[in-house]
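Per-chain residue numbering starts at 1, and chain names A, B, C and D are given in the order in which the chains are listed.
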Amino acid sequence: MTAPMDDDRPMEPEGATIGPQTTPFLHRIRVRWGDCDPAAIAYTPNIPAWALEAIESWWSHHTDHDWYRFNIDRRLGTPFVHMRLDFRAPITPRHALDCEVRMTRLGRTSVTHEVCGYQDGVLCFAGEFVAVFVEAGAMTPMSPPEDVVERIRATAAVPQGAG
Amino acid sequence: MTAPMDDDRPMEPEGATIGPQTTPFLHRIRVRWGDCDPAAIAYTPNIPAWALEAIESWWSHHTDHDWYRFNIDRRLGTPFVHMRLDFRAPITPRHALDCEVRMTRLGRTSVTHEVCGYQDGVLCFAGEFVAVFVEAGAMTPMSPPEDVVERIRATAAVPQGAG
Amino acid sequence: MTAPMDDDRPMEPEGATIGPQTTPFLHRIRVRWGDCDPAAIAYTPNIPAWALEAIESWWSHHTDHDWYRFNIDRRLGTPFVHMRLDFRAPITPRHALDCEVRMTRLGRTSVTHEVCGYQDGVLCFAGEFVAVFVEAGAMTPMSPPEDVVERIRATAAVPQGAG
Amino acid sequence: MTAPMDDDRPMEPEGATIGPQTTPFLHRIRVRWGDCDPAAIAYTPNIPAWALEAIESWWSHHTDHDWYRFNIDRRLGTPFVHMRLDFRAPITPRHALDCEVRMTRLGRTSVTHEVCGYQDGVLCFAGEFVAVFVEAGAMTPMSPPEDVVERIRATAAVPQGAG
């Protein structure tokens, strides 16, 4: 079984995709003792996990659906096909970890988010995450439902290439 | 506090870095029920975590030091500054997850690994991971100890640009 | 929705349950850097997670079914209803963590395991874990399939109260 | 190395310990897709992890010290020596998980908390957790600092056996 490809066919009539968003969504994470390794900083794999938590909160905020509801109630899965992160400064429990999530592109069958994490004003990590839309269970590509697209479109800039 | 930069100054007299390794190191992971989400496939953040586990095993195999011993006994930290992953096929508990780890470059203050994960012969993910060497505690850049470099050098191709 | 009750009705004709096993099953865990907190010992919640991993391996060893196969292929769920652990000594990456798993009782709709974890011969934790058998999805109590019971019966002492 | 014993010597002049608290502290947890297994309910080991997160929040709330600050800044460790949990109902992302934390006993070198988790008014789990106070690093028993005891005493009932 292979992961669905993002065919990148244009989603909008004008041939444009939706995005980028101009205003990021903020998701705050409380870093804890158990998240840190013996170097007394967050163990690295927690960071992509937090970025995904922030992206899931972005979905909840914008569409009233978390991944559980999308999958169970709407039969829509959003598996990730790519992630890329740069780690700029150690993360500790001394400060909250403020994650700024910005959707940069919503295509026909994929979506891209940027997530930047800050502690006390310092950029700790920056990453890009690409997910595709699939039918839950079958894992075959599908487009997101129109009501979901509509709500996201309302948060983004005018489609590139429009009118 | 900012993460140390990789200055990329050459490590070897000839101006070359060490690597790439010709033969990958194999680390097998047993995927479990609790690693999977309600879509019945491994939840994404487990995948970078497994890749790091495979890289740590690479260190143990090649140098007899895991990250605990490096940090506690040798005062050498190896924080990651970059990771990039492509997810190609869903991962499930049906098969072992065989991770092939190959060091592609050992520089003066950084090291790069490639990790590819296979289940039943199918490529599930491929990633690149860059870590830097720092003095544990101070988090200031340092070069890895010569005995460690020596053991890694023995596993890699002739330095590029040599002779 | 409430968790199924263990009605404790006897499973065997003689009114006895199956167990305890006389010989424990050994599951070895490699403790890692990322499992440890800034005190340089394993963060506590990893320990019940490891105990469950050991119990899942016990199932695989004795019945050729891990929890994934039980749930997906046989529609049998085994949710836990109780756990109790004593932590006796810190766990570190210095040694393997050897978990001894012993089934102490297989009843009509529940099963009890004891798990003891050792590092370098020292008892680090001891725990008891009770799970119930349910129909996957419906979460209603059921008895385990006879082929599974048969294989477990073969590993245990003569039923108490028999003959 | 063995874990410190709780000698249970009385902490208060009257021979009494402090507690129980009359009013629980509430810590709310957002359950997520990635916390759930293919049965679409929270994977069991997440539950003790959440209970500990709730207990850590109890400490932050009552003493302004989380475990990171206790360990790093005050050199006070609080390793757990015992936990016991009953799981009563499946936990899902459909509702918040409200954890009520109540300290039931503060002794000379140990502390006991009860944690009950509710979703939508239904009790999902109930547990008891005992930790000891140790000097960070040495892991030798110590009593908590008086300023910390004072703040906790103020939240609890009149010492049993007093006056």
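One rule holds in what follows: a contact is a pair of C-beta atoms (placed from the backbone, for glycine too) under 8 Å apart; a residue touches a chain by one contact, two chains touch by 3 or more.
A quick map from chain label to UniProt name: A, B, C, D = Acyl-CoA thioesterase FadM.
Here the structure is a predicted model, which means the values were calculated and not measured.
Participant: List the interface residue numbers of chain A and of chain D, divide the shared ones by all numbers used, and answer same when the ratio is over half, different when under half.
Facilitator: Looking at both copies, the contact residues mostly coincide.
Participant: Could you let me know which interface, A-B or B-C, is made of more C-beta pairs in contact?
Facilitator: Spelling it out, more C-beta pairs touch across A-B than across the other pair.
Participant: Can you give the whole-Å distance between the Cα centres of chain B and chain D?
Facilitator: 37
Participant: With chain centres taken as the means of their Cα atoms, state the distance from chain B to chain C in Å.
Facilitator: 34
Participant: Where the centres are mean C-alpha positions, what is the separation of chain A from chain B, in Å?
Facilitator: That pair's centroid distance is 25 Å.
Participant: For chain A, write out the residues touching at least two other chains, lowest number first.
Facilitator: Within chain A, the residues that touch at least two other chains are 33-34, 36, 38-40, 44-45, 49, 52, 68, 71-72.
Participant: Which of the residues in chain B come into contact with chain D in the complex?
Facilitator: That would be residues 33-34, 36-40, 43-45 of chain B.
Participant: Mind listing the chain D positions that touch chain C in their complex?
Facilitator: These residues of chain D touch chain C: 1-3, 38-39, 41, 44-45, 48-49, 52, 68, 71-72, 77, 79-90, 122, 136, 139.
Participant: Considering only the defined contacts, which chain D positions touch chain A in the complex?
Facilitator: 32-34, 36, 40, 49, 52-53, 56, 66-69, 71-72, 92-94
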